[in-house]
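Heads up, there are several structures right after this.
You will see chain A twice below: alongside chain B first, and alongside chain C after that.
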Partner chain A sequence: MHDRATSRRDLLKACLAAPLQAAAFQSKSRVVIARDSLLRSSGSSVVDSTRLLKALDRAMQSLYDCDSPLEAWKRVVKPGEVVGLKVNCLAGRGNSTSVLLVEALCERLQQAGIPKKNIVIWDRLNRDLESAGYRVAAHPDRIRCVGNDTSGYEDELAIYGSAGSLLSTAITRVCDAVINLPVLKDHGIAGVTLALKNMFGAIHNPNKYHVNVGDPYVADVYMLPPIRQKVRLHICDAITAQYEGGPSYMPQWTWPYNGLIVARDPVALDYTGWQIIEQKRSEKGMKALKELRREPTYIATAADTQHRLGTNDPRRIERVEV
Partner chain B sequence: MSLDRRSFLKTATLSACAGGLVPLLAAPAQEDDARFIVEAKFYEKLPHKKIKCKLCPRECVIDDRERGYCGARENRGGTYFTLVHSRVVSAHIDPIEKKPFFHYYPGTLAFSVATAGCNVNCKMCQNWEISQVRPEQVRAIYLPPKDLAEVARRYGCPSIAYTYSEPVIFYEYLVDAADAGHAVGIKSAVVTGGYIQEEPLQKLCQHVDAIKVDLKAFSEKYYREIVNGELKPVLDALVTMRKLKMWSEIVYLVIPTLNDSDQEFKALARWVKSELGPDVPLHFSRFHPDYLLKNLPPTPLNTLERAKAIADSEGLHYVYLGNVPGHPAESTYCPKCKRVVVERVGFTVKNIRLRKGKCPDCQQEIPGLWGT
Partner chain C sequence: MRAAFLIAVLAVSCGPKPRSGPTALFPKSGEVPGWSQNGETRTFEAGNLWQYNDGDADRYVQAGVERLLTADYRYQGKTDAVADIYIMKNAAGAKTILESESEVGSQTVRVGTAGRLYGTSVTFRQGRYFVRLVVYEEAPEMSQALVELGRGIQPKLR
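Entry: the complex of A and B
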């Protein structure tokens, strides 16, 4: 059986990518937080789509140092590419990636030259997508929305470190680029589930990788070449955030963060999101995740010299609020 | 046309359904088919719709809409369900020697079934295409307990074997099928890693006739790094089986450099003799590279012979070698007069000389379930 991790092609790619990654490792990673206290009208759960789009635009312009959102998006995707939007729908309508956010993204992607037929919204299961308010659709001329149970998995194992998994064909074959859309929330086993862990939705066996707080599994899964190479941007839906009881939706432990956290560096995003959750836990008089033996140590693993997926060093994270 | 191993496995698995072997089987299962979903046994309800699984020592704490490590059980709104009851992904008729059982009705056939999922993740798994996937990721057929028993009876199999993946994770189906089998005179033999809690094991032993345990190594380090499990609960399970007088055999897959030291063989043999007795069959089996352990070679024959020599010298009476067709250590020898009492070549039994479970030459009783 072919071992992806050791193929000549992958080795070559890894060698070529290494200097770039090393350079990135040395420079600061920008994490942009776009918040709007009026994102929802007072006492309402209804999100103002216009304000959400503006928050997204501010974040993108800041992240890419551009004068217009369109210019920023053109640096993310190119016409002709098939762009995947990896949502996180495990928590149903309560706290999954917002449909409104995905609609805003689709609007900007189309303006950047990506036609509807080249946009694919995907997650693990059709059932999860539907429960979060998405309509499963596979028409080739429209925006597609499919679970891995429809798109299927590769036959051959992809292997890196502790991870040996079959990858969703959504990421291996369908999409040229992926925009990762996690939710800002706590995780009862892994500590938090943000950008890195959202890629568990790209493999067939996530249930095997929750032991030891997901460390090093989360980092190892992200190292699988199609994930590492195709995910270009992370937009964490922090409109409603959850500081305890995740990944299921537990309304008593959510709060209206009213924001988006956007980064190219998944480790920096995860570190930043984790600190936001810890701060909220502290405000609520709850124990730190470390005390509960679920500190997300996989974030540090993702940053180590073996993985180099980004930085978890706060001195190297440029946190920008817009 | 040559077939690679994966294609062969797919073809072989489905041939049981499509080739007329199992005419009672219905159409391939649909995803999330309600027929397969039955409330699980052995779990504890926790606040906020969480549950704690009490079937295997892992004790997964599982959120609503999430699954345990095995991937075959799911929390739905605070109630835990098995997703694999009657959801058979592999069905074959095998010689019982293939399991292997050597002291359990030799020369008979076992109607062998599996569902998807497993509660460990062995890096050398030969059946990872069904054991390391979720139920909806592999084609399955609906084979309820009574139908399974009837199919086994129709094809002349005196036993149903629960094998290939991990029967512990399809516990509810296993118990129901074993009961259905007994109702029509079919016995049940379980092939397991033995990673199960005490209470479910004790209850299981009330329903089945024999259990073969894959004791994968004799070190916690190996269990932690290669199996993703623990050794101690498996040893505890073997002791429980012994106390309950469940017929048990042990297989030890010998993997070069990982679990093949003299010291480990000796410790294993001593533990078996002291805790289970010298009459428990111990099979040292040859490793073949697969799944996540392709970087190691097959086990050299002399390693297996070294393991057997050590176990013999420690006083175990029935030490076999597996996956080495034609080797003399496939046969059963009388521990007293040393003559062959069951002669085997590969999975084929050439001669059974036992008379009422005794050596025909010296009348030494040979423990097991012989049917003669």
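Entry: the complex of A and C
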């Protein structure tokens, strides 16, 4: 009798828990797209900084369901933390993470209690940063802006799956939290380069991982513990986007998307950005990336049971436009 | 006899030197009206080309790139541009790169053996050289200005 009662209770528990577990499993990854047609007019590289800040605020409030941007930022970072901003400056000033976007972020981070000395803008090389319009600076009391060639790499390889790399000390030692700031663009080998692939800028040997459309290398690099554990938010600069010829800047294949794509789930962001690029390619009469044998299959790999970095299932992605 | 040899050596070493090195392929400031070189010429070999354009470098390597020379330019003191000259092993490599890029939206221009204008970018090939010129601002006059810069580079590609 006792056994039967226990069994009944267990059954009841199981019946109640199952939908909850299913709901948790099915919870959606929110990807917020904030667009403003007046952010950057066609043919001009001048971005309206006021509109950009407003777009960022709208996106953050929507992503975190908050009434104010400051409340949202306080959920991302905590006072006392050193916050890294991983920009993407490979394409020079033509199509790199906007300096104005980074300035807007720095403003909000400071309001959220992160002093200037605890903000670090970083990427692969000082030269890349400078070519994109950033000023390299290492003064400890101000906002720092350094390439990995200055901050250095760890001496020992970090290994996961197919990836074996030296990680930048910017992510292993300097920063407690990282905000990932990729650019919405095509990639001639990997298909697209967005949130996941931007972490190639955190390792010493990204050139080794371009075979097989970067699959599984992109997902494996992101699995390296400092990356997986410290990157908290992804803000994709989609002010100017590129649908062909990337990752180098090819102005003939860019268009003013005039937006920011913001998410906590890098896989959902990458899937969403990929679809935007495919749509533009289709509008321009270009072949789908799959036909060109550069479908970004690493996105699905990042979502698989071995990686679990997020979801690439469109039914589990909540795409919100604000 | 010994003196004659010495004179010959001195004559060779003191005579005019042939123009060579990475800067020789780029027009000097003012050589093409409106254009001035801004900064130094940088050189990348096939083995470290990825440091310049990681992710894009592989296709140049596969096509037989030997070296990239790149220089920043400025038009009329305000509009920035970049000139990339890829030195391939042979003319077939330069042709491969040019033809691998979509010609949608381009028009043919008379620069080099074959050239394309995309509005704010010009690509052309000449012998074993592949050249890409990119400007960072759209403006009506920039297309023609880029073509003129290309025509300034073309005769240096020998």
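Here is the rule we use: the second predicted complex is superposed on the first by the 293 of 322 C-alpha atoms of A that agree within 3 Å, B and C clash if a C-alpha of one lies under 4 Å from a C-alpha of the other, contacts with A are read in each partner's own complex, and residues count from 1 in each chain.
The working rule: contacts are C-beta pairs under 8 Å (C-beta built on N, C-alpha and C of every residue); 3 or more make two chains touch, one makes a residue touch a chain.
As the structure is a computational prediction, the values presented were derived from the model and not from experiment.
After superposition onto chain A, the partners chain B and chain C occupy overlapping space and clash. Within the superposed three-chain model, A:210 lies in touch with chain B and with chain C [touch as defined at top]. Of the two partner chains placed by the overlay, neither chain B nor chain C lies in contact with A:300.
Within the superposed three-chain model, A:250 lies in touch with chain B and with chain C [touch as defined at top].
In the superposed pair of complexes, A:286 makes contact with chain C only, with no contact to chain B. After overlaying the two complexes on the shared chain, residue contacts for A:188 are found with chain B and with chain C alike. Using the contact criterion defined above for the overlaid structures, shared-chain residue A:90 touches chain B and also reaches chain C.
Legend: residue contacts after superposition of the two complexes on their common chain; A:66 is shown touching neither chain B nor chain C. Using the contact criterion defined above for the overlaid structures, shared-chain residue A:106 touches neither chain B nor chain C, since it reaches no partner. Only one of the stretches 74-82, 92-100, 146-154 or 164-172 belonging to chain B overlaps chain C in the superposed arrangement, and that stretch is 74-82. When both complexes are aligned on chain A by C-alpha atoms, chain A residues 90, 92, 188-189, 207, 210, 245-248, 250 touch chain B in the first and chain C in the second. Of all residues in chain A, those touching chain B in their complex are 1, 3, 90-92, 127-128, 149, 153, 155, 157, 159, 164, 166, 188-189, 204-205, 207-208, 210-211, 245-248, 250. Of all residues in chain C, only 50-51, 53-59, 80, 82, 101-102, 104-106, 118-121, 134-138 touch chain A in the complex they form. The residues of chain B lying in touch with chain A in their complex are 4-6, 31-32, 48-50, 61, 63-71, 121, 123, 132-134, 136-137, 228, 291-292, 294.
Those residues of chain A whose C-beta lies close enough to touch chain C in the complex are 43-45, 90, 92-94, 124-125, 187-190, 193, 200, 206-207, 210, 244-253, 284-286.
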